[in-house]
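Take a look at these structures.
Two complexes, one shared chain (chain A), two partners (chain B, chain C).
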Partner chain A sequence: MGSSQTESFEKMIGAISRLLKNGEMVVTGTLSPLPAAGCLLAKHTHAPDLEPMLYGDPENRLSEGLHEFFGVAQKGKVDVFFLSGLQIDRQGSINLSVIGDYDHPKLRLPGGAGSAMLYSMSRRTILFTMTHTKKLFVPKVDFVNAAAFDGETRTPWRRGGLSHVVTPLCVMKFDEDRKRVVLDSLLPGVTLDQVVENTGFDLDVAGREIPVMEPLTEEEQSALRGPVLEKMRTIYPLVCRMIWG
Partner chain B sequence: MKDKLMTAAEAARMVEDGMHLGVGAGMAMNPMPVIREILRNGIRGLTLTPVLTGGYVTDLLIGAGAVETIQFPQIVLDEFGLAPHFRKWAEAGRLKLLETM
Partner chain C sequence: MPFIPVIGFLGTDYMKIRDDFKVVKDPYSGEDYVVVPPIIPDVAVIHGLKGDRFGGVTVLGARNDRLLATAARKTIAVIEDLVEPGEVLPGLQEVYVAPVHVDAVVVAPGGAHPTECPGRYEIDAGHIMTYLTAAKDEASFQNYLETYITGPADHEAYLEKVGFRPSEWK
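This part shows the complex of A and B:
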């Protein structure tokens, strides 16, 4: 993998890191290498009291693995959780099950794996994607595995919902009043047109000045390539070899 | 205390056509010797509940045609990607899915 792709992933990790606040209890689930790196980077920079609980971490204090993760979330102890989807729509719903018709899908995906509960029970959820295309960011998902918010019948146990979406091109945020995803900032080196052209719904950019994320600082860069990467290699060895060699 | 030790083949013989089978799942801690014996016995019509998410064993049992109904929150081969047999059978509408969200 080329160095520009490495830089692209590092920008996303930086963007994720900066969304995390000191003292938050933050959990990453299966197949979440960039969020895990973002958590570690935040802890090594601006958020030393962050409490990351990273699935797959050999030093994880949980004894029963994934099972216990869900228990922690159901107690309402998770401040930030990360989810993704093969489709994400304007309302922040995610699809992890099927592309096309449910009974005869064009593509059968792995499934939601508790995402509905986690989206409800985490104080805020950050969505992340490894690509940014119109196929992924669609007006309406084919199947809703988990929703960013409750409709008129808000459930009493719902604790939070969508906070941000981090992609290789930009950071989006959830507009609580209008219940829709809007553009928040561009990653360095990305143009507004690129984002608009590759998103299948209106990101509410008309007449708005969209800021560009500050590049990674030297402190962030050296933490990322130093202690963060060292730890990451124990959790996601394959992915780390792919990204950093 | 009663001796519960038995061979994998003896254990697998407790699984019959049409049973509801629970298996430890994911990509680690799978009872592979017993699963291989179940496959050799040509078992059919299972309802399968992988605990918690389905991985290698689930995909193998589906690919061998042993599973009629699958109850699951997720089936994936983790870092190795989508489960190919699950995908093929589900896309063809040949599995009864009890999917939990």
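This part shows the complex of A and C:
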């Protein structure tokens, strides 16, 4: 890190942290360093009773293995889960399978794993992405791996859906009434035009005052670069070396 | 089990491309559920830190290796250390796979390279980059295979080739 300036990914971690409430059980899956750091930051600041269940955490002892995570979610114990996608659309659907036509793809991706189940069985899901472009935020994803809601015929067992989307530029939220993603706040240093230009769907910003997220406080900054980073090095050593040095 | 219900697939595009995913009525609640057939691998290869000659091994719990071993028709366990049966005790992050699920044990220290073996060695990020770069086109991938996979005489020669030495291990 070396500089006292807040990096873009640190702002994202701050934004994620502030979305988490004290007492919630928050689970992060594979390849989720920013959500994991967000959970730890929340626990070190405003949410001391947060229960993080972070995949890869050496202190997190499981009796069976990763599929236990799924069992815990199916039982309804997971308050917040994090997902991402190579495409995310206005309805909050995510695509992890294929870019282009399914049978003749431009790009074949690893697939959705448990995302469909987790999207419906976690009380709320926060989407996160390290890039914010029109290629990623599309009007309609090429393949729906997991849907933010069940539409008119709400499945009785569905427990939750999309809460927020955190990107390097902004935080979006899910408008429950209209079932679509709208802009919620800008990250510090980002303009509204930047967000609109880089998003492939209408974020419903016309006539609305979009607030800018408060910069990370000194408390947050020092927790993040202190105990949070120290713990993160045990879960994501490689990522930590890459982004913090 | 012939099939299991999986929650969350209704309303996704999986239902368009997977004709083996079926919708059935839950006989208890009357609700619709998507059921999927089991995956039964012919062979599972799992990697563990410790194991014994009878096939008892300890593996990282988070990798679901025990689940894989129980699902596959045949399971090969690759282990870092061969120990006496009484010493195969799972560590904090590990689970125990019983010999009944394991058909063969291969003692291969460094066998997880270039991925990690937690507690023993880290992922070899440099080599993963080499692989990713090589995988971009057919010719460079062939070259990679010849250099690292088909070229070296055995696993030890492979480790030598990639510059991975026991001295770096914990």
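Quick note on the criterion: the second predicted complex is superposed on the first by the 239 of 245 C-alpha atoms of A that agree within 3 Å, B and C clash if a C-alpha of one lies under 4 Å from a C-alpha of the other, contacts with A are read in each partner's own complex, and residues count from 1 in each chain.
The rule we apply is simple: a residue touches a chain if its C-beta (ideal position, glycine included) is under 8 Å from a C-beta of that chain, and two chains touch if they have at least 3 such contacts.
No experiment lies behind these values; they were computed from the predicted model shown.
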Residues of chain A touched, compared between chain B and chain C (which is higher): C
Touching partner for A:A113 - first (chain B), second (chain C), both, neither: first
Partner chain in contact with A:T125 - chain B first, chain C second, else both or neither: neither
First, second, both or neither for A:H67, with chain B first and chain C second: both
First (chain B), second (chain C), both or neither touched by A:A147: second
Partner chain(s) touched by A:S8 [first = chain B, second = chain C, both, neither]: neither
Contacts of A:L238 with chain B and chain C, given as first, second, both or neither: both
On chain A, positions contacted by chain B and by chain C: 66-67, 97, 112, 115-117, 145-146, 238
Touch list for chain B against partner chain A, complex: 26, 52-53, 72-76, 78-79, 82-83, 86-87, 90-93, 99-101
Footprint of chain B on chain A - complex, ascending: 30-31, 66-67, 96-97, 103-117, 145-146, 236, 238-239
Touch list for chain C against partner chain A, complex: 6-14, 16-17, 29, 31-32, 61-67, 92-93, 95, 118, 122-123, 125
Of chain A, residues touching chain C in the complex: 55-56, 58, 61-67, 74, 97, 102, 112, 115-121, 143-147, 150-151, 155-157, 237-238
